[in-house]
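A quick write-up on the structure given underneath.
By letter and in written order, the chains are A, B and C; residue numbering begins at 1 in each of them.
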């Protein structure tokens, strides 16, 4: 069962071949047995999951089942869940139980899906390797000495390991697409505002977006159908109709115009990764697409701009963790300042502190214009690069990451870690959607092909990704770890 | 040296919305601690703000009322600082693109002259909670019910030159917001709070002196007292060779002084930047026109109309237009009795006196505008005289009688104008006062006018106040002079 | 723009983060490298470019002025470190 897609499992549930209880207990057993070596979950909610599975089976017996009723999933531990701890990978929130559900969680519940638990992540979603979690690093099921990517590393590893058929992640600078690439699964970052951010713990509010992570584009389409849409509780969510993303999956690709940004094939790109990506592009040509080189001239400035804007927003977003109303509070504070400074120093990890300090510094008097205003101007130029490119081509393709998953502990210097996100980060600054699909291997570790579309082009991205998966079988390959723990 | 005072005011007005500016929690005053602080107000992780349309409408109405420019786009920024009553570690405010641009307010001074005070801008922001310092084992308690209440911060230019002008400006703002109904203006409950920027400079000097900001000036009276103290402090300081430092000072009404709030705290750095959780607020022309069409007549317009159309004095027009309730009461009295001057006299005289004695607001007046108008009409048509009118007013105040006519009837206060009856009363008074008549007769002619008052008084007494005083006067003079 | 330890100290103070002397010098190193990378922005000509705060050109929607929240103090204060009589407690705030 663990190697099946959501689509396949939904069919099996519908036909009565399987019950949700069987399915749920099967996945729970796999987690129980093998997550000790991956550390992909922070919290497993076995009991609640089994009772939800029983309710799903009853709904099905009563003829009230929807497409996804009874399907087990996992949630990145950044989605607030009523009555279940939401830690955001931080000691600061180790004791935090939200009194509400995120809108995404509500929608998934309403669709009848079952949460098996909360997955590990880089603290406050700040990281590209999942080594920044208070709950320890997550390992890549393809190679336990490699990172799974981040910040949604737990969700990616759990899907790759066959602990769940799909999981929810969030993506602020590549946090869905890069771990999906590293773990050989499919991960979609929707257009900014397509999915409600309500109840998702904020890292950088103008960049954060939630999306599905699964084996296939088809599964991502099913899940996006559920979570997309306007939310009155999120001012930045977009009031725009949600199409049925599964309906256009099989549209033919003949005449599709693909652009290859030349900046995405430059220095620092691992040759094997490049080879895999170029092979994938050939597959598209065989499907009738045309390919041309395009330029995104400000690509080089995306990481610098991001490391002003994201930390600035984060420094403000994380001010609410002050030890007063929730979260970690230091022992016996001497006075108010001691309460603040010690609670925060104890509750936050190193990377979070670095970003709070950078953000505070760049927003402060005398630096604001040179950093923040400048970065916002560059942000406009970066967005314009994409809009210009989409005048000429339908989608852009390139690698999701310059290298396959690197070894745990390999990147000690924060800047070298940041540079990993060179191909994903501009997408968040521009607010456009992107998807990473498995496209081969480099040194035995998965390679992700990233496909980008213009604002609200999710249906097209899913169609383009799905057609690739109809023509290739990279997405069906499982790590040995998943089989050994069957 | 001659000194000139320069004053600017920042007035925080709590807008009278039902729910908070960014959440659906109630804004009602006086609830149990933290029972009206929802997840958004508490700044719990993951929750997001959504802007209240009424807060926007109220801010724009104020802008229109002060003839301000209303920019098409306004933007919310975050003002970052840590304080226990500020749950998110930032206050959502508008630093760079406020909802209301430059405008002006006309104030009326004691000598009934007017002056225009420019408004720099007004912006929307959220209120903070409250720190309660009662002893909780040496701890401070935080109540966040008020957190997220919408505030309109109205920032004036430094156009005021005296404490009196500052108080007049604050009153003008108060009357505008209460006329508009966008705030209850209750200063005691903190619905209107005021920070005062004060500096002094030698008369004739163009450059401003260094200013001090006085916080916590929360009544009209305190504004005057705080400024008076602060001006004196600054002048003394400079004349003694010292320098005013730019700082925040707190007004202590009990000691009637201002004192420095923070001694060691270095200058704050609020790191304003656009709030990424809120989008630009865009207001189109049709929306502004819609709100403009719904504006009530404002204090300045009313004041002008009272003077120009109703012929009231500047003083009367100013007093009667000061609050919407007062103005509406007066206008109703005027409409019923048909005489603006009499209506103004009665509302400011008998009625205001009675209200003040019993500490009642005009909305709670036991005598309605209709009743008062009818009463005045009976004076104007000579049904009763002035003296009787006061009795009728008192009776109406005490609830003795439906209206003036009923009281006049019941108490027999109808004025006696029958010459025969008046003559009979006069004859009797003259007959009963031989000594006074003799005195009258023996007086110098020019002193007799004064002495007639005694006889008038006696006749009025005999008529229980109902005789027409002019008639009594005339007939008396004739009869007494006939005795000479 | 070179970063000095005083900048780190000031940022730590504004952000209310306790930073020891050892940590401070580590942060100076890390943050300096990050800012060196960020400083590439300065080489780009952005004259005449308007800052972009949101990726979409959307405008704020407004909420009807209705009270939709009920009292959930007990639920909200279950995750609070110190409360008494419904109030959140902090060390004495000196005015």
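Basically, a residue touches a chain if its C-beta (ideal position, glycine included) is under 8 Å from a C-beta of that chain, and two chains touch if they have at least 3 such contacts.
What you see is a predicted model; the values in this text were computed from it and never measured.
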item	value
Chain of greatest Cα-centre distance to chain A	B
Dominant interface by contact count, named by its two chains	A-C
Chain nearest the global centroid, as defined over all protein CA atoms shown	C
Centre distance in Å when chain B and chain C are each reduced to the mean of their C-alpha atoms	42
Distance from chain C to chain A - Cα centre to Cα centre, in angstrom	23
Computed distance of Cα centres, chain B from chain A, in Å	58
Residue numbers of chain A (touch at least two other chains)	96, 98-99, 206, 232, 235-236, 315, 319, 322, 324-326, 336, 340, 360, 364
Touching two or more other chains - residue numbers and ranges from chain C	14, 16, 53-54, 58, 60-61, 63, 72, 76, 82, 88, 90-93
In chain B, residues with contacts to at least two other chains	39, 42, 44, 50-51, 80, 82, 84, 142, 269, 271, 276, 278-279
Chain B - residues contacting chain A, complex	39, 42-51, 78, 80, 82, 84, 87-90, 142, 269, 271, 273, 276-279
Chain C-touching residues of chain A, taken from the complex the two chains share	95-99, 191-193, 206-207, 232, 235-236, 238-239, 298, 300-301, 303-305, 307-308, 315, 319, 322-327, 329, 333-342, 344-345, 348, 353-354, 356-358, 360-362, 364, 367, 370-371, 373-381, 383, 413-415, 418, 428-432, 455
Complex contact set, residues of chain B against chain C	17-19, 23-26, 32-39, 42, 44, 50-56, 75, 80, 82, 84, 131-133, 136, 138-144, 250, 261, 269, 271, 274, 276, 278-282
Residue ranges of chain A in contact with chain B within the complex	80, 86, 88, 93, 96, 98-100, 102, 197-202, 204-206, 232-236, 312-313, 315-316, 318-320, 322, 324-326, 336, 340, 360, 363-365, 368, 372
Parts of chain C lying in touch with chain A, wherever the complex brings them together	1, 3, 7-8, 10-12, 14-19, 27, 30-31, 33-35, 37-42, 44, 46, 49-56, 58, 60-61, 63, 72, 75-76, 78-82, 88, 90-93
